[in-house]
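In the two complexes that follow, chain A is the common piece, with chain B as its partner first and chain C second.
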Partner chain A sequence: MMEFIEWLASTSSSVALRESLYLYPWIESAHVLFIAIFFGTLLFVDLRLSGYVFKELSITEMNKKVLPLTIIGFILMCLTGFLLFYAIPIRNYQNLFFRIKIILMIIAGLNAYYFHRTMNRESKTWDKDSHIPFVMKFSAVSSLLLWSLVIISGRMIAYNWFDCDRQPQSEIINFLTSCIVETELYESLDGI
Partner chain B sequence: MESNQILEIIYILEDSFIGEYVRSSLWLFPVIQSFHLIGLGILGGSVVLGDFRLLGILFRSESVSYVILQTKLWFNIGLFTLVITGVPLFLSEAVKCYYSRAFWIKISCLILGVIFVYFVRNPTALKSRNNFLLKFIGSVSFSLWVVTAASGRWIGFS
Partner chain C sequence: MINLIYKISAIISFSILSLNISSHHAFTAEFDANAPINITGKVLKVEWINPHAWVHVEVEEKGKKTTWMVEGGTPNTLIRNGINKESIKPGTVIVVRGYQSKGKLCLPRCIANGRDVTFPDGRKVFMGSSGTGAPRDGADPRERR
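Right, the complex of A and B next:
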């Protein structure tokens, strides 16, 4: 994996992106805007499911109207997100928060998959009803919570508290970030 | 007010208790920033849904006033979250903000955006049936919020 990441970092467009003065901040700003579109529209989908807004629309209608925008936001968010990763691949790959974020995204993805599978199968019985099954409400709230955590961990990627080039770190941190540290280097400093 | 008087106030704000407190902590600034982003998502959702209805892109079979009424509360919640988290972020680096062009662009668009939404967009959306006017209002509102959010992100780069 590390070899692949190193190769990514060595590609000319990665170098160009990394060294660009304005392109990186522009992509970053776009990423934030797409997060707002994705998270904001998802919020309303989940609020409808919990029965707080747009009660006059059925859940399927609400999803049909809003979800395409959520998906567009998601795709653009991922695209800009990938470019941000691609600009600084090695540092991101070994960043603790980046790893936490990816895991949280996978969990959020599984939750969304479970949700829509159940929704497609069972929604006919409770679509217009105000009594949505508890598991579905739970899944909707979890989705918001998970994506909030994704946003928080994403924001933290910018901070280098646990980065490989900041040693000494605890062994657990170096394990979680796949950092290879020459410990002898530090041991020899002990006497000073 | 002369500019050095403004700068004096800016220094007082930066030296305020909250400013000091946020600066002294390693974690606080990024954590507040994260919640600022979540607030942006909440506000963003209601702006997108409302403005896209005004533009005729979303909720075409629902009335404009219905969509605005459904999203209004969450606009307020989003704005509240953004202000409550934005103020300590500003206080912790008030002097930097003062010298940042992105900050002034952001604040200007934010104030314009808030005034526009409460006094122009929402009242018009609840009454008017003039599609051209509604589309115009929707595009002005959406642009103001896009610039506010994007220039806000740029404060961090300056």
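Right, the complex of A and C next:
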């Protein structure tokens, strides 16, 4: 994996991106904007599904209007997010918060998959009903919670508290971030 | 209910807006305002990267060599302030003022936040980012007084 990441970092477009004067900050800003579109619209979908707002609107109608925006926001958010990763692959790959974020995204993705599969199958029976099945409510609230945590951990990537070039870290942190620490460093630590 | 949601979202968006003022990452999270540094050394290399450029400086003191990794602003802000690949070539002897990171073990390198850099010709340039919450030490010419 590390070889692949190192190769990614050595590609000329990755170098151009991380050294760019305008492109990187533009992508960074666009990423935040698309997060706002994605999460802002998802908020309404999930709040409707958990039965808190717009009860007079049927779920199918709500989804038809709002979900396309969520999907557009999601695609653009992922695209810009990938470019941000691609600009500084090694630092991101070895960043603890980045790894937490990826795990949370996988869980959020599975939750969304389960949720939409069930909804497409059964929502007609409770479309306008005020009694939305508990699992669906739970899934909707979890979705909001998970995506909030994704955004928070994404924000935390900026901090270098657990970075490899900042030693000493506890062994568990170095394990979780796949940091390779030279043994001389630990020998010199004994002297302190 | 909807009213309440409007109110909550207004509060959340306002707090996010105000958080944004503190730039990419806040100074106090990583650096120690009570540990100012003033180092003179040779530039080893410059990592000309977003979102923060890193200047590696080798400082020789009493025969002992220490490497400092000094964080600067974005490549864009550095260029605007008059620091480019030509002016900060490896080998250039520079004076850097800034603040050390909270961890001070210097393993494998010392880490610091750079405020300004003085070139061999005496030119002194701000090398950080504005509005990070760093101490108001007069290094940033755009600082609000």
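Rule of thumb we're sticking to: the second predicted complex is superposed on the first by the 190 of 192 C-alpha atoms of A that agree within 3 Å, B and C clash if a C-alpha of one lies under 4 Å from a C-alpha of the other, contacts with A are read in each partner's own complex, and residues count from 1 in each chain.
The rule we apply is simple: contacts are C-beta pairs under 8 Å (C-beta built on N, C-alpha and C of every residue); 3 or more make two chains touch, one makes a residue touch a chain.
Keep in mind that what you see is a predicted model, and the values were worked out from it rather than measured.
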item	value
Combined model on chain A where chain B meets chain C, clash or fit	clash
Contacts of A:S148 with chain B and chain C, given as first, second, both or neither	first
Which of chain B and chain C A:I132 touches, first, second, both or neither	neither
Touching partner for A:L69 - first (chain B), second (chain C), both, neither	first
Touching partner for A:I88 - first (chain B), second (chain C), both, neither	second
Which of chain B and chain C A:P168 touches, first, second, both or neither	second
Chain B versus chain C as contact partner of A:I102, first or second or both or neither	neither
Contacts of A:A158 with chain B and chain C, given as first, second, both or neither	both
Which of chain B and chain C A:V53 touches, first, second, both or neither	both
Partner chain in contact with A:L8 - chain B first, chain C second, else both or neither	neither
Residues of chain A at both interfaces, chain B in one complex, chain C in the other	25, 28, 47, 53-54, 158-159, 161
Contact set on chain A toward chain B in their complex	25, 28-30, 32-33, 35-44, 47, 53-54, 56-57, 65-66, 69, 148, 151-152, 155-156, 158-159, 161
Parts of chain B lying in touch with chain A, wherever the complex brings them together	26, 30-31, 33-35, 37-38, 40-49, 52, 58-59, 62, 66, 70-71, 73-74, 78, 146, 149-150, 153-154, 157
Chain A-touching residues of chain C, taken from the complex the two chains share	1-2, 5, 24-25, 29-30, 48-51, 69, 74-76, 79, 101, 103, 105, 107-109, 111
In the complex with chain C, residue positions of chain A that touch it	17-22, 24-25, 28, 47, 52-54, 87-88, 158-161, 165-168, 182, 185, 188-189, 192
